[in-house]
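You will see two complexes here that share chain A, one where it goes with chain B and one where it goes with chain C.
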Partner chain A sequence: MNPLALRSLLWLGLFAVSLALAGFAPALGLAPVPVPFWLRVDLAGAISAAMRWLVETASFGLFTFKDLTRAIAALIDLPYQGARFVLVEGLREGRGSRAVTLIPPLGWLTVTLVMTALGVWAKGWRLGLFLGLCFVYLAAFGRWESAMITLASIVIAVPIGVAGGLVLGVAAYLWPLVNRVLSPVLDLMQTVPTFAYLVPILFLFGFGPVAALLATVIYAMPPMVRVTTLALRSVPTELEELSRMVGCTGRQRLSKVLLPAALPDLMVGVNQVIMLSLNMVIIASMIGAGGLGFDVLNALRRLDIGAGVEAGLAITALAVALDRLSQAMAQRSQRPGVVLRGSVWRRHRWGLSVLAMALAISLLGWALPALQTWPESATLSTKGFWSDLVKYININYFDQLEAVKGAMLGWLLLPVKRFLLALPWPWVLALLALAGAQLGGRKLALTCAALGLFILSTGLWEQAMTTLYLCGVSVLIAGLIGVPLGVLAASSETAARVIGAVIDTLQTLPSFVYLIPVVMLFRVGDFSAMIAVVLYALAPAVRYSAHGLRSVPPELIEAGTVCGCTRWQLLTRIRLPSALPDMLLGLNQTIMLALSMLVITALVGTRDLGQEVYIALTRADTGAGLVAGLAIAAIAIIADRLIAAGAAQARARLGLQGETAA
Partner chain B sequence: MLKTHYLGTAALLAALATPVLMTAAQAEVESMDPIKLTLHDWTGQLITTGLMAAVLEEAGYNVEQVQADYLAQFAGLKTGDLHVAMEIWETTGREAMDEATAGGEVVNLGSTGMQAIEEWWFPDYMKEACPGLPDWQALKGCAAAFATPETAPKGRYLGAPVTWGGFDEERVAALGLDFEVIHAGTDAAMFAELESAYQRQAPILLWVYAPHWAPLKYKGEWVKFPPYEPACYTDPAWGSNPDATHDCAKPTGPIWKVAWKGVAEKWPGAAKAIEAFTISNDEMGAMISAVDLEGASIEDTVAGWMDANETTWKGWIGQ
Partner chain C sequence: MHPAPVKLACRNVWKIYGPHPERLLQGGAVPTLSEIRESQHVGAVRAASLDVRTGEIFVIMGLSGSGKSTLIRCLARLIEPTEGEILFDGQDLLKASPSEMIEIRRHKMGMVFQHFALLPHLTVLQNVAFPLEVQGVARNLREARASEVISLVGLDGREDYYPRQLSGGQQQRVGIARSLAVEPELWFLDEPFSALDPLIRREMQDEFLRIQKKLKKSIVFITHDFDEAIRLADRIAIMKDGALIQIATPEELVLNPADAYVAEFTAHVPRAKVVTLGRIMVPGAAENVAGTLPASTRVEACAGRIEAAALPHAVTDDAGRVIGHVTPRAVIDVLLGRGGA
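Moving on to the complex of A and B:
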């Protein structure tokens, strides 16, 4: 018997024991196993107290800690106000309804033109046209002003995130100690839900757009740090040696050799920062960022589904436009540049003529207001279409949907929930440690057990198990839908394009937009939450399996064909097994997205850790929020480490090369 | 061409001059620093705040409206980052307000004149399925009429987000109702369920509050529980169940205005105007339905009220 089969058998046995434990423990009076008092730590109280000290008394002598954070806030507010001046407000005299515009902000046509020109410059006419269309959508559907408010905060948040990420990434590259300290911090930044640290940010940096900007930066920066360190490490050593030989100083080596060589990779990080910043639009609008996120929330409070979808799609349009543009720029940075010579005009012909045209349109806007502000009479709207659609489904198909829901709840969700909640905690911790030991050795076993103990010590064990259940079931279903879609996308170019577009939309459309119709059709509860999580977490399952299948070495497939495999055999015996490591990474990402979504689904009344975070937020309870957030992070890190170790083993077994992604 | 240009310049000059003249004509205000009013995420509050802001602007004050969470805002009101919150509901905000005013950093500037109602609510068509409503005794006999597959045989009651409190679990137990309390995470989810059930004329029993657009849009009534008295929430002996508290309705109460303590020192005139501000449930209900049901913008609605009630608000700012 080979070791793999032996291990499967072992886990099958353990699963049977777990089932028995969950089934009989309550009958035997064993569950729930009480948590000994010395394992309970009042971390929440300690964090809240520390926070109070930080806000109220901490001082550097001349000024307090709060003065410092407020000064930082004022510093960030400055460029933000500048961006708002250019994009949203212009210069106004007077206040409120009597305000008179002296210098208008950039008009819709000007901005659209500049974006189109950027697209043409970065890639070509097709991209330019696409960007132009995205921005025309914003204007035509009456979302211009909100979109520009959102754009103004993105324009400020992204450079801060990129610059901060670069500095930290370079530091981690240069000094191993920094790297070691930074690595767990980045893990936490990526896994602790934003809701958990909104309250302390509000306390320290004041209410309003700046606090929202900072929350966005914290959330969006980690990939930039990671990408920077990785990119610098992967610069060919010959290049670095060369820079030493020609006598570069340390700073020259970094700025003239290493960073330029790593530029294409760095641009991938920039793209990530942009996309993650746009993910934060809704949450940022809850604490005063306004803009499109506020439009979405406001429309859905009125149950105006159409307006919610329109505003949500505006976020998608903005996100997809900025994503494509930054990707095109990343590719452009890989092309060898053509050095133009001659006068300023000759070198910057393109840029200058766009600038001149923008200026001309702005001036024309004084005479023709339609060039400045999209005329209200020409504003498009889907009006009642979306509401009517939901109403139609609701009235005609509710019973069928209810039957599906009942079956899913009865046969899958509730049994899994009962099973997980009935498991005694010492058994769960033991299983975690065993899994860690088998996949990654003693160190991983210790990590898993320690993180499990941490969750136990917070007193949130039951909520953590509920989280595990909702997340687990959602990931399972996302996998069941996502992997076949990935197979389809890998097999045909057309399918790939259609599926890609759907997935891009699902990932950038704020979940709140579809959460409310889902509640209308399935009521408040776990099932609605599960649907929302599946929709959001589907993307990586599809992407990674498609990518894995496409990168199967052609020799392997040829060998299979020569041996006379049918198409089905090729898929199940060769392509899927060799795509396994990639698919495991996809699974990892799916879990991360599902966990991040659970905080949002708290809005439809789940009873898990996400709900704890949300309650703490509304009560402005710093400690409780952070503790629940850390418990979510602990689950995420356990899953991440176990799967990464599993993927490494699978790679080794398949004899594939490649580094393990963190 | 020359003429239009000249006209344009003249208009520009006039525009430049107007605000200066207007400010001069108005009473001088104590400080031109912006007064920050908080905005939350329900329409009534946006209108109340919009009205107050418009009135203060008429008085010559510099006003800013900022987004802030309903409960989280007290942190800002204590430190003076935020200045005025126009709607703190007796029913949901009392504890947070008491906590903030206890230290003296936040002061209560009196009632807005509006009365908050929060109670169990059902659509009219449920009277057929459950005769005897709106009296709460009727619920005892027809829990099954409100049941869903998940809660059957118990009835299903959709409660507000957990943080809103409301003691519904206690109420169900104390009154011996065979209902299960399900908490929605947000009120958007709550009213999404109501809309869905109403479209299908399906059974539903949920928490509805007023002033809000829902009781204006849907035909229905609040359940009549034994009227609230403070003793009911503290003394088990009170009411029909001698062993339990909360055997009565939810309290109703005023919607309060609160402010940072520094407002009265820095902008005494503004503090007076805020204290003077009152509006009735009916007026507010009409404006909420104009915005949420007829699609009017909040700015237009506020401007319409300002035009129609000039004498009222001029009295608040002593003009």
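Moving on to the complex of A and C:
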């Protein structure tokens, strides 16, 4: 018998034993295995105490830690107030209703015009028109002020995130030591869920837009660091040698050769920073970011469906607009345009005329307020429509929806949950270690067991198993939907275009937006959470399977065809097995996205680790929040390492198979 | 013939990769190839010594993995040799401080790269002006100089193109122009034509010879193509497994290969391509001659003229003094591969 079949049999047996353990333990009156006291560590308390010490007593001699946080806050607040002044408030005198506007902020028409011009410049008229429409939408549907508050945050967060990421990335490129320190930190930062960032920042910087901005920057920076290091490393060696041969100083080497040559890659990083910032700015409305995120949050809390959908659509418009614009700019950096010679006016006539027009409109705005602020009488609202639609669905299809929900809960969700919760922890740890040993050897086994022990020691075992269950079921369903879609996308160009466009759009949406339709149709609970997670985590499952299937070597498929395979046989015998390593990578990504979304679904009432973070956030309990966040990170790291090892094995096996076949 | 002064000398240069390269060379030890390999090291350059004379084209020829790329990078100090001396106008480059190195490279060295190494975000003009920009030369001055070299390599009218809008051959012309912008004394060319199609390659070789005739730089030229080496070189160094096996003129290399490895390369080279009149002439002036030719002319270049004449040609040395004469018969012998030559 071949070792692979033997291993499958072993795991089948282990699964049966697990079922028996979970099924009979309670029936036989066996109590759950208690966690020995020496395994319980009050990490949360220690972290909270340390944070309190930081805030209350820590001092650097000349100034205290609190002074430091205040200084940082002031430093960020200054440009933020500037951005708000330009986009949201203008200059006012007096307070409240008696306030008199001295200088108005940029009006809707000005901003829309500038965005349109940027679109035209970056790609062409179609993109410009699209951007213009997105911004007109924001104005016409009465979301202008919220959108501008969100935009103001992004306008400040993105440059800070990009600059910080560049500096750290360059440092990691230049000094191996920095790289060695930074790399594991970045790994951890990308697995700790978004909410967990919010707790310590809330504690250190208080409730408000500045804290939210800081959280946004911290969240959005890691990918930029990575992209920068990677982009610099992939600059051809010859260019680096050229920089030395022409006698560049260290700074010239960076600024004149390496960074410009890496620009197209760096722009991809900028796009990522923008999208992550938007995502986080929306989530950070929980610690006072305001803007569109606050509108969604507010609507979710009041279950105001119409307002929620409208705010969600506004976020979507803003997200898609920013994504398309930054992508177009990234592509533009790859194809430098025509060289214009001549006077300043000749070279910049486009930019100058847009500037002049913007100025003219702003001035006209004094006389014609409609150019400044979208007139209230012309504001459209779809709130009623959405409420009615949902009401209609809920009245007419209530039974069907309930039946689906009930069936899923009764036949899938609850049994899995019960099964996982009933498993004794020593058994789970043993299985983890075994899986680690089989896939990656002793080191991986130790890592997995240690991370499992860490979760146990935090006293959050039950919540962790709930997380595992929700994540597992969601990933399973995402796979069941995603892989066939991937197969479809790989088999036809048209399907690939359509599916690709949908998936791309889904991925640009901030995670918050997914909660809205789900809550409307299924209210709160595990089932709603699962649907939101599946929607959010679907993209990598589709994309990686399609990519894996498409990159199967054509000779292999020809070989299959010559052997007389049917289409089905080609798919199951040749294409899917060859695509396995790629699909495992997709699985990995799906799990990571699922975990990050799960935390956000705490808002719709799950009982997992995400809920712990959420509760910690409402209480500003740093210790509890961080520990729960780290527990989620531990799950993510276990999954990541196991799957990576599995993928490596699959790849090695495929290589081996190729050899024996030859 | 008096050899020109030495521009760049390389004395016993070693480059060994591995965990402890310096240990292998401790106390002046000379490890053999197998000793290096057995200790988990790679001997990329082993005990290389050579002189590049002012105004000559010195070609280093070797197959891939022979260490020629490492050697040229050691000569330009892009790679730090494990041991040895690199003397540029008598100054040891390996002892130069970073700022001295920057000065030397800015004003005295130029390099052409195999894959062109053009900056994608700069136009042709800006690329060529780049070395001057780095030095802080004012914009109008550096662009004027750049235009000069651009027309030297025959790219007039393409100043505002971006590299990706040019063909491979044109891109390498830009690379050549850029390396000449600072008027270097020492010109490194690292397989400059290897990435080009055969037809373009030949055209670029002619172009290179034309430019060199005008500028008379001291050149280190790397190639893996023996025909290219023969066509261009004043002298060739053959490299294998990190060591220089033979350094000689193309003619000597073909007529007296140092070992079987070199002989294998030279076996298929038509003699007429390398043999000079100096080697086949009969000493002493002839009574009646059809014309005069310099002794350094290769047979291939003048075979038709000598063969068509009824009388022998006089052969002159560098100073123009007649030192011998050459008959049509001798030329035909070379063409047919007959006789000792």
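Annotations for the structure displayed:
Just so it is clear, the second predicted complex is superposed on the first by the 550 of 662 C-alpha atoms of A that agree within 3 Å, B and C clash if a C-alpha of one lies under 4 Å from a C-alpha of the other, contacts with A are read in each partner's own complex, and residues count from 1 in each chain.
Operating definition for what follows: contacts are C-beta pairs under 8 Å (C-beta built on N, C-alpha and C of every residue); 3 or more make two chains touch, one makes a residue touch a chain.
Note that the structure is a prediction, hence the values are computed from the model and not measured.
When the shared chain is aligned, chain B comes close enough to touch A:Leu303, but chain C does not.
Shared-chain residue A:Phe294: touches chain B; no touch with chain C. Of the two partner chains, chain C is the only one touched by A:Ala261; chain B is not.
Overlap of the chain B and chain C interfaces on chain A comprises no residues.
Residues 236, 238-239, 241-242, 244-249, 252, 256-257, 260-261, 263, 335-336, 338-339 of chain A are the ones touching chain C in the complex. The touching residues of chain A, counted against chain B in their complex, run 93-100, 102, 199, 202-203, 206-208, 285-290, 294, 297-298, 300-303, 366, 391, 394-395, 398, 402, 406, 409, 512, 515-517, 519-521, 523-525, 601-606, 611, 614-615, 617-620.
The touching residues of chain C, when paired with chain A in their complex, are 73, 76, 78, 101-107, 109-111, 113-117, 119-123, 130-131, 133-135, 160, 162, 164, 182, 188. Residue ranges on chain B touching chain A, taken from their complex, read 8, 12, 15-16, 18-19, 22, 38, 41-43, 53-54, 57, 62-63, 66-76, 81-82, 148-150, 158, 161-163, 182-193, 195-196, 199-200, 202, 213, 292, 299, 303.
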